[in-house]
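In order of appearance the chains are A, B and C, and numbering begins at 1 in each one.
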Amino acid sequence: MTFNAAALLLLIAGLALIGWLAGRARSKLLAGRAGAKLHSRPQYHGWYVALWLFAPAAIFLAVWSSVSPALITNQVLASEAAQNLPSFGFERGAILSDARSVAQGKQADVRLPAAAPLVKPYADATRHYAWIGIAAMLALALAGGLYAFTRIKPDFRARSRVEKIVMAVLLLASLVAILTTFGIVLSLLFESIRFFRLVSPAELLFGTNWAPQSGAPQPDTFGGIPLFWGTVLIGAIIAMIVAIPIGMMTAVYLTQYAAPTVRKWVKPCLEILAGVPTVVYGYFAALTVAPALREFAVMIGIPNASTESALAAGIVMGVMIIPFVSSMADDSINAVPQAMRDGSLALGATPNETIRQVLIPAALPGVMGGILLAVSRAIGETMIVVMAAGLSANMTANPFASVTTVTAQIVKLLTGDQEFDSAKTLAAFALGLVLFIVTLLLNIAALRIVKKYREAYE
Amino acid sequence: MTNDDLTIADPKMKAEGVNVFYGEKQAINDVSIDVGTDLVTAFIGPSGCGKSTFLRSLNRMNDTVASARVTGRIELDGEDIYAPSMDVVQLRARVGMVFQKPNPFPKSIYDNVAYGPRIHGLAPSKADLDVIVERALVRAGLWDEVKDRLGESGTALSGGQQQRLCIARAIAVDPEVILMDEPCSALDPIATAKIEELIHELRGKYAIVIVTHNMQQAARVSQRTAFFHLGTLVEYGKTTDIFTNPRQERTKDYITGRYG
Amino acid sequence: MNRDTTPTDWKAAAMQKRIAGRYAAERRFKLMGLGAVLLSGAFLAFLLFVMVGNGARGFIYTHVAVPIDFKSTPLTVDTARLDDADADQLIANAGLADIVDFAADEALGDGGAELISENAWKEVRSAIKADPELLNGSSVFELPAASEVDIMAKEGTRGELGARVDALEKDGKLSTGIHWPFFKNADATDPAVAGIWGALKGSVLTIFIAFLIAFPTGVLAALYLEEYAPKNRWTDLIEVSINNLAAVPSIIFGLLALAVFINWFGLCQASPLVGGLTLALMTMPVIVIASRNAIKAVPPSIRDAALGVGASPVQVVFHHVLPLALPGILTGTIIGMARALGETAPLLLVGMRAFIGDVPGGICSPSTVLPMQIFLWSDEVDRGFVEKTSAAIIVLLIVLLSMNAFAIYLRNKFEKRW
């Protein structure tokens, strides 16, 4: 007996269907008997009953499925058999999950001998809470259904009620966005504050030595400047040197010069370029671009050229951003009124003069907004730098050297075998907070600029 | 369409048998017309009659529309402007254009006017450029209003001022012909009056062709009037004749307000 | 003409030269534009070329013909139990691996077992399970070669075992064929048996969860914002949130998921459930924005017409606006889902980086996803994984391209101009 949420959801959906049929039938019956005209069509009465039956039970189901595993574990831990478990760490978790799998019938026998005595408490607890859950859920469903059923009368405004519920659901759906934003802010803040109790914010923001150690934080090992510099070097400098000219010129060529057939072929190609997953770009950077660049660097006599270089990651990231810059520039140039272009051409300007002296200056706010968004995307990009830029925190302007970025360090800090509370893992959240704030500011600024610019020409 | 007392001895521009197509659709059908050097010529007609299309073929602005095609012959000072030897950049410098909606560039007033002379290299020095800008703004009747704020954005001016700025911008490259495509349709009556006054003053300095849907305006500013209907030139003559004594029935119907 | 200036002499030599210069600049500029387009195209072509060049070999594998005589080296196993669930264990315990190694040594000379994959016996096991009769006779099995042998045979290079490979080639004992384990297996440490099926299934489950959550939420939120939302501070806040979420780096969603789903709710780590939830939060803003645009494109006249015949606002939206906007909404959703399918960074943080040797059974079992498999293989030292990585990339790109192509098809088919 386990608590199978999917099956139960199906069960209450089935009940809701019965409720729907019953509600519809009853409204018809009442209307026929009283000879009165129904305010709402019968299916709205059906929906009313079905929703009352389904929604409370489904909400309960969702809450219960997320809470009950913790309740079960608590009960198991309280049992006698659990008293001689190892107190912490990986082993304890492995034993518990082994016992759980057996209790839930996912595997035939325990793999770890220590798990064996826990199987029975687990099975008991699982059954115990499953029964509580199912009973409560069914009670809720029936109570809701009955309540709604008894309210059906010919003049009952079932449609308005149903529509009110629908509106509430719509509102809830749109609140998910706010919830997510709050979730991000709170979770980052919460963990960051814990980190800042161990390490001062000033050290993270202005320290120049990044060498986090396991265990208690050592002084002067959480200096973020090398990471910030690496992030800027790769995302805001090298990638933009590649992406801005190529993206801009591509947009100019496509909007001003290219024949419609060329446009028809090039645009999907750019979309493909934009749709290539970052892990593929990362692999490409590490496999092809970085070794080639290293050879080049050795050839021109640059010492200590590394196979993981800022340049390789930056160039490939720039290519990844090209379609983005190009489509933003394309939109901005297209938003400049045709009259502007005509005015310049009518004075005898060549297309090139028109583009450079009239169209691009006129489109500049939009283009700037696009570039800010591109920078924000580049500094938040993870896979390319994880795979191609390396993990050594160097403060160097040499693009052939290996540097590291904020995102690469977040991944590094969180993917080792770490205690969740160690300074190292908490540092990842603090870095995440910095990254979030910076990209947020960039995005807000960019959206402002773009919005103002659009309004100017509308 | 020939009338002896209308023949212009030395026309600035001369169109012969001009057809304009947009793709398969014919927008202008066999139009022949002379534009006099010292005259203001008005094109009138109901909307969609092709008068703007024809105007745009006089400085090859139709080239910017990919599907447009022009046949026939249009001459500027006896030179075929559609000949391969004709340089469209020079042509447009010599035949300037003012558009329906004022379209100042999002630059300063000074830079708006200086734009043309700069790209064509008409001013060897900054001082020369200042002279050209001032003269163009004076001619366009805008100098007194803007002389203290030449650095401000051209888009910050009022609609009428913007249109006069656009006229100044066209004058600054020292054109021989100025084409005006319904220059007052986006303006209020006071601004319109100022533009009309300006057209009077510019007459004689430039050959001016103005498209308008406002017959009173055509009567006030022009010496020659051409009436277009459904892509053909119905009647062309002295403005006074067209408005008082039209020879064609269709012209008469139009100017008396039967349709349009 | 009554002009107070000397007219510009357009025919003057200096002016002609200047104009020629301007046209030259024009040509240069246009060429630069064309160059930029070609550069982007060349990069895409180069990337695809490298991936296909490396990856094509990942779909095939070298096999070595090894005769095994079960009469001289019998495998003692109860054939009646070969259909049981634990048949694999049974055969393994009966010592099939040793029999295969012995047969390889016999057939290929001393150390012959090194030439075939250490997992080759599992192929024999599958064959036996399919046809127990094999146990009664002697037959030749095409067994997967050891990874080094495979590379040497395919690339023509020669390493430590070069002489042996030459001999095998001379004897005609090597053959190449489609590498089925690549499509059927989950990850493994041996390239001879490592496959993408586990990761692919993980991806499908993860994306399914993400779709199940993000699509209804996104569409409903878009309907609310576009059709009903009053203009007030809350609505502005929702809009700002959505626009910003769409641009928040994906790794931040990973941090959120780690803190909330795993550490707080205690949901199963490294599972399609958590991965799907994470990607759902990430994709939802994209779906909202696309849906809003599609809903905006439905002309107000249709709403007015429906309202005019007495439909309630909810009926107007669900009976008229939504069906008309659906193609646009689906297009945006597919593109968002394709992006989620290629996403790696946030999933790294929720534990999907672990080595998973089994095909995931359900939404709560540990699993990995295709992009993650690519990332994991790209880190492998074994040379055999280089081509596996590229082959997996090809599979991923094909899936993504077909999703995008389908979206474009939908857009073109149902695109309406009002």
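As a working rule, a contact is a pair of C-beta atoms (placed from the backbone, for glycine too) under 8 Å apart; a residue touches a chain by one contact, two chains touch by 3 or more.
It should be emphasised that the depicted structure is a prediction, and the values quoted were computed from it without experimental measurement.
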Query raised in the report: If each chain is a node and each touching pair an edge, is that a line, ring, star, complete or other?
Result: complete
Report task. Sort the chain pairs by how many C-beta pairs are in contact and tell me the top one. Result -> A-C
Report summary line: Whole-angstrom distance, CA centroid of chain A to CA centroid of chain B, is 57
Requested in this report: Could you tell me the distance, in whole angstrom, between the mean C-alpha positions of chain A and chain C?
Outcome: 18
Query raised in the report: Between chain B and chain C, what is the separation of their C-alpha centroids in Å?
Result: 60
**Report entry** Two or more partner chains touched - positions in chain C
**Finding:** 22-23
Query raised in the report: Can you list the residues of chain A that touch 2 or more other chains?
Result: 350, 353
Report task. Would you mind listing the residues of chain B that make contact with two or more other chains? Result -> 89-90, 93, 119-120, 173
Query raised in the report: Can you name the residues of chain B that touch chain C in the complex?
Result: 37-38, 87, 89-90, 93-94, 119-122, 135, 173-174, 176, 204-206
Query raised in the report: Touching chain A in the complex: which residues of chain C?
Result: 22-23, 25-26, 29-30, 32-37, 39-41, 43-44, 47, 50-51, 54, 216-218, 220-221, 223-225, 228-229, 237-238, 240-245, 247-253, 255-256, 258-260, 263, 265-267, 281, 284-285, 288, 312-314, 338-339, 341-345, 348-349, 353, 361, 365, 371-372, 374-375, 378, 386, 389-390, 393, 396-397, 400-401, 404, 408
Report task. Would you tell me which residues of chain A are touching chain B in their complex? Result -> 260, 337, 339-350, 353, 357-358, 361-362
Query raised in the report: So in the complex, which bits of chain A are touching chain C?
Result: 66, 69-70, 106, 159, 162-163, 166-167, 169-171, 173-178, 180-181, 183-184, 187-188, 190-191, 245-250, 252-254, 256-258, 266, 268-273, 275-284, 286-288, 319, 322-323, 326, 350-353, 355-356, 373, 376-377, 379-383, 386-387, 407, 410-411, 414-415, 420, 428-429, 432, 435-436, 439-440, 443-444, 447
Query raised in the report: For chain C, which residues are in contact with chain B within the complex?
Result: 1-3, 5, 7-8, 10, 15, 18-19, 22-23
